[in-house]
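The same chain A turns up in both complexes below, where it pairs with chain B and then with chain C.
Right, the complex of A and B next:
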């Protein structure tokens, strides 16, 4: 040790650096800050029971609450329910509610509101909630602070259904006996959450202010939140860069800009907070159309597409290469499935085996690809797929449309191949099976089994697993079903998408659960400049 | 003059009637509808959800019935109700109109005044360095996409220099009032107005220059010069007055188009105007809002054309009023 002083100084610096994150974490929340966040596109309304678009969830998630919310590992934690229990037979769910909760208009919250939401409002307006509560035999309130739900048959995923976008609790006193969609109060949403709508300048911004009567004493810490509507992606990046806004989420920032922004001294980036939705991206393959009706052709597509290239060069490293139908952060994921590494030779061998020989122009088959019209990155995916499949002799014609046209074509099976991504909602029986069950082949319905895929064994396993209370047995069934589906390739899985949440370094405790930016933000705070 | 105006108004009414019907049919010919869009945005939808929305939006009725309802509402001055935004269309338009009017009128005034002045300057100095400089700058401004110009201005004046706000109509949450608020809005206007104005200024510069050069070679200009009139008087009284006619015609048509052109600028600068409302409504197939915007812009274009015709008569006495 030639210079002990220098050595000690280095140790001291290293120790200080090591402790810095802890120290930052241990900082006491400061009350009264203002958070500014991007919101894009502008939500059509802020009544969570009537609209569950992603931006609606982000804003209205601060106005409304549900019974539970979820840790990053998807285990439930209290929200409007302070405790809960599930009977041994998996049929009865009992929730005990928080006390002293009030609606924004001062009316008291009770089990009656929960009953109204679960039995009347949500089954009428909310497709996901409708499917969930269709499984209930009875929903009752033995007293003002307890709700008991009895299911017709076991459905262990039920406990994953109580986050705010799936089952927002709606005020009975505001909506009972009215036309929910036409209720004039929809303009001023009334929830139990830590923030209330103060002002909505359409096309410009939404301001939420702290709820002074929030049931968690001393919270929220923020005085108000401004959601600024910035329609252009480049302008959004600039706004984050120069500090005009402090938060972006989901697809607000184009993937090619994320790494640059994340390195700026005034910004931090986290990919956490999307575990609940766990988006999985794929190419949807219409299995009714030749040559996509042949499993070997679909497998050849998997071998011909370099999905690491898709992740690294098109999504700029945001995401993980998907192995199959279940996202690795969703429950019951199993990595032990047939693998499709990038191997154009295997793709060519499969196409040869099918008898698809190249013609004089080198083309074996021609298919059409309809990219998801969600911006440049998805367009690049289309261009890459055209190039990659072209190398194995499959010509790809790119089509184009806008979101409305895409929705109509996807729902009505009017495509050969299209890009898509779906949320998994924590459990395969909620967000995964819907894509592959033959009972969900429903023309005119988006995000159903639009590929026309039918495998009786897959149907049987999904249906049995949904009712199985024993987690080990469930895992076994889901492992089997993953192997079968990956072998059949009804969709060509690309990436488990990762959304970046960029936050100004002054923002603290924003992303604390598996629903990330859709959380109430009761705990979030902003340190003074 | 009164008969002339009545004649023009009658024709305008016919044009508007045709436009209303065509707008309606065109919008409904686009694939998808508001219910499809909202189902897609919800991320999970069933048939009941889509059917409920279609019923609520009135899309479950035959097209001719929907058209009949729409036309009868328009005749009563009712622009309809946006179910997506849960507000009357007239309210939505009125909310957004001031921002667009402020933006487009300022840009239009800048473009017209600047364009005519620069065009004349170039014509007077034809072949000299001032002419070359103006021509090159005008060509560049015309050829560069508005979108890119906007972003570059933001990058330079907002991100790098920090002089001007990058986007928005005013500082949100700053609590400005009165004069301070006006000043704040003015600061926010500089970049979008410059972006939108530059493009149109280039058009008017080139038109004025060409037109002024053509007029300068005419006999009456030579006569004026022979009479020994000052160059200033020749340019302002003889050249400008004649050269400005084609510029006014184009400006009249473009005044309406400016609202369309502002879509890009409003998007880049997050300007809460009609252009953005239109853009969003197209993507969301918000039929009622789109029909409302198209109707209002059609009325504006027709109105601007009538104003141009009147101006023409006033500027050029040779133009006869239709008998």
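Right, the complex of A and C next:
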């Protein structure tokens, strides 16, 4: 209870959670409903171990499962593992598996499948799995229902890694000894989840049907799920409006349309279910380039930009003003950091102090801004930043590029300022430190420390915290590191992004965990018309 | 001839209307800095302001920028790009067309195949590709539009030269010992000015439309306020705020209509046979 605000928010969340199930459970789940949802863009394939793009996760999350899933506060809860223990030294993780689990083709599931996934399949196919399981000294199965993982050194974030898109359990009997990517069975994905692929009409829809042998007796409640592919944004809004589809997620609905749709009587909107990814948006500042190499200039930028305007007028209220490098829904967030309220006078004072006096045309310095080419909302951000910094005498020249060009320029440090956002994956040692560690200044690698930021104390704290078993000590280190980074402003944090999930009022118990729409939907149900 | 021409042009009511519209647009473009001294990017009012609210004639856009100011400053960009790219296209088209038509033979074949190369690629696709490669800026947009617009003009000028070069006055000039360059520019070119002027006036209109389409797609110069950009950025909020698209869209419509009317009028006025028919 160091922080009353956070505590109050938790209480509020808990209260809301307590009330929501009450309202829902007033009605008992009805079996046999059909859910229709938007999927956009069309996923390239549905084998989660081979592809983890956002739309793949949403569909394949119903087909595959991992050992755990996560509550809204990111604490683990059972999935294929019914219980788990972490040894006191933080080195040994023991998972006990559910019993009576069968693959979609009827073959029994066992600890052998888990070993195959963690040791063979995922390290070969998954971008993050090799580093993750590289931390393991050994991965063993003492019996068919137990998996024991021994780490080389403590890594408390390890328990956050057993989410379905990070570590989906793949069937050993289907893939062992084959070329994983060319396996003909990839067309008919076989998982342990509550839904099985029935039909995929390319360009039109994907139909999943209930798995009759699902290990949770009596579930799923839904008879089937249709994922409809609707490429046009206006058509998606219309389909939700008139009830053709019952669910949209992520960026399916344009920000300016969300408030209008959320008000309709047949729709509800929730921003929950994105805590695991927890995207944070910022302006990436190339600290190798003058005048961005001066901390005072970067602080002046923070004071000169009205981030409430950015949230309300550009993102139409979807987001929270960010306080620093860790998203407030990610673990070890600390709000007690230096604050940068909108204060152009302070910005001017800092620029004056630096000796950047306005020239004859009122310009103190000129910088270039490369907006993220992900649509016009990001373009608006560029236009706003240009005006806001123009007011304090910093001229901004807008550049433009396409998505591929942007990636190349970001990775190769070819920018002054650019917009960006990164997922945090529940724990700072997974999704936050990669942006600020000086060891992660790697030319040519996207989403690394492209700013060229180096602070030895920040490096030390991040490295120590990643190995610290004691949660209180970890929090202390992360609190310190947040203060240091916020003081240095290596990136200008804008918003903690929020995504809206719009659901038809007939849909119940869909968003119940921190992975939201990527959850299995074993508990989801649809009430009759 | 001159009085005749003006007379014929003035008789065409549409042409006069077009001239009035384009004149007004030019005036607004010239006076933009006086009418709206602040930058059109300046967030001058509350976002989503309706027309006439807060003293904003045409309302504000989603970031609170004055639409009237954007329309006035956008006129500059549109006219600038329209005129500059047309001038460049005319220069290329006339030069290649004149050389091909005057000399004929192998050179003609070569130049015309080259011209056809540009004619076979859809204009807009080529513009998009060129601008995307050279990154959007006023210069790259002018160059791209000029590059896709000169081909039809080159063919037109070649045709005129082919028919004029066998006329007596050209034969006479050759007999007098005038050089090729003199004959091309002093003798033949002045005699085919009328179709060039007519098609150039229409090219300005096409260039303005091309620039607007580019900006609409987000391929405009990100530092220049233009009509196409205003329509493109506001189309997503059309259901909430019609005025953001309407005023710049209407400005495009009026300007292009005005230029087309002028082009029609010039065509009629330059074409003596048509003129006589009207008189009769």
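Basically, the second predicted complex is superposed on the first by the 504 of 529 C-alpha atoms of A that agree within 3 Å, B and C clash if a C-alpha of one lies under 4 Å from a C-alpha of the other, contacts with A are read in each partner's own complex, and residues count from 1 in each chain.
By our rule, a contact is a pair of C-beta atoms (placed from the backbone, for glycine too) under 8 Å apart; a residue touches a chain by one contact, two chains touch by 3 or more.
Only a predicted model underlies this, so the values are computations on that prediction, with no experimental measurement involved.
**Student:** Identify whether chain B and chain C fit side by side or clash on chain A in the overlaid structures.
**Tutor:** fit
**Student:** Tell me which partner A:402 touches in the superposition: chain B (first), chain C (second), both or neither.
**Tutor:** Both: A:402 reaches chain B and chain C.
**Student:** Check whether A:387 is in contact with chain B, with chain C, with both or with neither, and answer first, second, both or neither.
**Tutor:** second
**Student:** Would you sort A:317 into first (chain B), second (chain C), both or neither based on which partner it touches?
**Tutor:** Touch status of A:317: no partner.
**Student:** For A:202, decide between first (touching chain B), second (touching chain C), both and neither.
**Tutor:** A:202 contacts chain B only, not chain C.
**Student:** Could you say whether A:100 touches chain B, chain C, both of them, or neither, answering first, second, both or neither?
**Tutor:** After superposing on A, A:100 lies clear of both chain B and chain C.
**Student:** For A:376 in the superposed arrangement: first (chain B), second (chain C), both or neither?
**Tutor:** second
**Student:** Does chain B (first) or chain C (second) touch A:244, or do both, or does neither?
**Tutor:** first
**Student:** Considering only touches as defined above, state whether A:444 meets chain B (first), chain C (second), both or neither.
**Tutor:** first
**Student:** Could you figure out whether chain B or chain C reaches more residues of chain A?
**Tutor:** Ranking chain B and chain C by residues of chain A touched puts B first.
**Student:** Superposed on chain A, how close does chain B come to chain C by Cα atoms? Whole Å, please.
**Tutor:** For chain B and chain C in the superposition, the minimum C-alpha gap reads 8 Å.
**Student:** Which chain A residues contact chain B in one complex and chain C in the other?
**Tutor:** 401-402
**Student:** Show which residues of chain A lie in contact with chain B when the two form their complex.
**Tutor:** For chain A paired with chain B, touching residues are 34, 36, 41-42, 44-45, 51-54, 125, 127-128, 130-131, 181-182, 186-187, 201-205, 207, 224, 226, 228-232, 234-235, 238-239, 241-242, 244, 401-409, 411, 422-423, 434, 442, 444-447.
**Student:** Can you tell me which positions in chain C touch chain A when the two form their complex?
**Tutor:** Chain C reaches chain A through residues 39, 41-43, 47, 62-64, 132, 135-136, 218-219, 222-223, 232-233, 236-237, 239-240.
**Student:** For chain B, which residues are in contact with chain A within the complex?
**Tutor:** Touching chain A: residues 30-33, 36-50, 52, 56, 83-87, 92, 95-96, 99, 151, 154-155, 158-159, 162, 165-169, 172-173, 267-270, 272-273, 276-277, 279-280, 282-285 of chain B.
**Student:** Taking the touch rule as given, give the residues of chain A at its contact with chain C in the complex, in rising order.
**Tutor:** Counting only chain A, the residues touching chain C are 233, 254, 256, 260, 313-314, 371, 376, 379-380, 382-384, 386-387, 390, 397-402.
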